[in-house]
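Going in written order, the chains are labelled A, B, C and D, and every chain counts its residues from 1.
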């Protein structure tokens, strides 16, 4: 038997596998196909204070070993979420992480204040959505804004606050340090890379929003590098995301320094990806003689050091 | 018949297909397998003032739809290049672009001064190598340094100076604007994305240098986005690179705003990639009723504008 | 809530039948899908590319546990699928989506254009099983591009074939043929028009149905990823109850929508 | 200088022969490669993964235009290659690299470890063709993992099989067997030791050859991309003429190097 429980700061997870935001809805559809209580947790679709219609279609473009999406934070708004979705999520027997995005510091603060009163386990601040013009990625590309946003948000809630960072920056380490200074409880790496796909016949972008966020195995090397880089710079727990398709990928992120991992695009190709990957992780650990998944964390031995 | 000649600033190329730096050597090996006079030009392997041994092996890691390399600018140094390689390159009947990398502004300047006296067609400033500690990508991540470096280099040579930028930045547009202000004659987008691959059994990075540069189709959406983004911001000719594997990919870069394109990793999978891709481009143009490849340039029609 | 409802099926290709240079019917051994699929639903098929490919269900042979799919080659993914050979295996998600609503209908007119005739054939099959009177209109560019004509003719109901090129029953689009049909057709209560095909054709069909005060259901296409409602990439613009427009998911809220709510 | 020397070949698999659970010999129809390949050279094979896979040439049947490759499954790429069936096609670059130098040799001792016995078999084949006296040492973990024993035995020369497990001629590594052989072997001028296998084994073989003052050539392995010398990723550390160490390209400067220059 392999022990799977992990800690992300003060939050105990029964295992390190979380469903990433935006690729699992609010768990309702996925619950038809697998027992969600087997997961470590679910990150909700990104929420905004008010409902958002999202971007015009098409919203997806296939790329080599990946995809671009330009959903643009379509969501029913925080109120409807709290009323219609959270009770269901809460019943599934795994941790509930709420992914929030705001236009402004005020909006982030208001959402966190309201979430403080709810039975969610953690708040994942989306500082990284490449598909909306305002807030989000702009804030997430500026160390000072990251620090100040998190500091203010932390005044509003005692829930663990996770900062989900964008890879579209010159120095991910600087952003992570800023999040640490601001008081984040964990850092989630990475959101999507900003990309473009063109229909060469029509000479139009394939996506209705022109650009979109690149996800899937194509970005795994970038994500893994950022996790390893940040793990050498900050003392916070890290959550690794980006192109994880199987148990081996997931373990690589633990080795690079992640305490937990999130599965995004893989769930779109295979609805049971999260539970499958957890099984693969424990099988690999067993074959490796590793009795506790947490043992992998941060065991990467760099060359020449 | 499709007209293939293009202009990159003052430089006339017989067609828009260039061999990218680092994946074509100095053309010697490739000349065995194809007629290099069919190419628009060849970018030399990245050169430094003095010979460089490069990084310890392994220097390559396969990734999903791409690869990481950590060659680290192994090269014989400028002198040996000028003596042993340039004459051969010059004889091939296509443009010769010399890719140069320096530790410091002084080194870049000295190399450009010396190249000014040689029959090379253009100098490609490598401001973007992720595999060496000093200079290069550090300079290329800072708009002020880019501007000042190019301004100084331009004092040393009348050759066209191309700035090859790194994608590992928050705003590629700002870097391109800096290059324009400095006086660059063209902008080359993009070099590799910094990434990491881990051998999950040994818990070691696969690359001897730990991290490496991600290239290949995995990065095409990022490269295409950067070309389109920069083409809206600067007036300089752009050269598109990143994941081009076939004629359709190449034409997408022209549509996004590139005047010419470079083929990198594709040449490693298929030695004749450059000439094959040129043929595919003209065949597609013919099927499209396009009589001049230059007609594609910058014809991307964004949505909602 | 925590049932293990199997959604992913590893299925074997039973046979492959080429209809013309662009179209192939694949028969899959997929008993669970055959047992539960409803007309208008689709499956999401694995191929060598990163994303799955959504393909409507053309027919099921419930007793044999077989599912038929009509595939029109438009790019690399469909080319690869059309080249599958007996014995090949592929991963299939399905049945997916919200199909045509046949409950309470006494008569159905299916109006298909191009590869839209595939999923509507399944409607015809089910109408026969349920004793619903069904007529069919099929439109093509030309007789050369026409598909499933024998199959539709074999249904034994009134069937009109239209071709833009003028080389079939009616010269013109499927909507032109529908108009001709509606002119001569005695009205029957609880008649509905169900349509699938190119968007402009469906829009014309919906307008015509409206003129004749017939309810109309349309099957929309949108680029998809998951096919199961979790990623929100397959947004279709619809008019909500309150008159405002919003996005619904083509994959689970559709692909079949009431023509009335579609924002064309 | 602008010849169109064909380097990429689309070849068909003629046959596939499984040697044991981990090893397969693939026979490819590749007349141009068969015609020109020299022992120690390799080919770079396409597979479903992004990069090609370098595999040494095990033998050629020049008249039939066939090339044999011995493949040991260590990961996904070699697994896929080992599963190729007759009629399958693959893209092959080759013949590549700088093989063993046999010119002027009167006697050759090949020392192979594990899958290193594959490319050395080609050396034996060519020695026979050229009338060079050749002996062979093959080392394995155990008799179960041993490969090509019949083929080597069939060469008709003195052949020693070693196994760590002690269940073959000599108990121990290939280097132990080589030592035994060298002890009893009357010296012949122009004798060379050619070795291929795990690095520590080759290092031991090279040390032994040095002790016996025999020139030694070793075949190195390094991760590769192009295989043709343009990308510099396959760096091997060697001692240059001036005594300094530097990198050479495994793919074109090697894979065979004089043991003397190798920095172990």
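Operating definition for what follows: a residue touches a chain if its C-beta (ideal position, glycine included) is under 8 Å from a C-beta of that chain, and two chains touch if they have at least 3 such contacts.
Quick caveat, the model's predicted, so the values are computed rather than measured.
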Remaining connected clusters, assuming chain A were absent and nothing shifted
B, D | C
In terms of mean CA position, the chain most removed from chain C is D
State, to the nearest whole Å, the distance from the C-alpha centre of chain B to the C-alpha centre of chain C.
47
Once you find the CA centre of chain A and the CA centre of chain B, what distance in Å lies between them?
33
Roughly how far is chain B from chain D, centre to centre by C-alpha average, rounded to an integer in Å?
36
Chain B touches at least 2 other chains through residues 56, 61, 63-66, 216
Mark out which residues of chain D touch at least two other chains, giving numbers and ranges.
none
Among line, ring, star, complete and other, the chain touch graph is line
State which pairs of chains touch, listing all of them.
A-B, A-C, B-D
Taking the complex as given, what residues does chain B use to touch chain D?
22-25, 29-37, 45, 53-67, 69, 71, 74, 91-92, 206, 216, 265, 267-272
Mind listing the chain A positions that touch chain B in their complex?
56, 61, 63-66, 68, 141, 168-171, 193-198, 200-201, 203-205, 207-211, 214, 216-222, 224-225, 228, 243, 248, 251-252, 255-256, 284, 288, 299-304
Of all residues in chain D, which touch chain B in the complex?
1-8, 46, 49-52, 91, 93, 222-226, 228-237, 246-247, 252
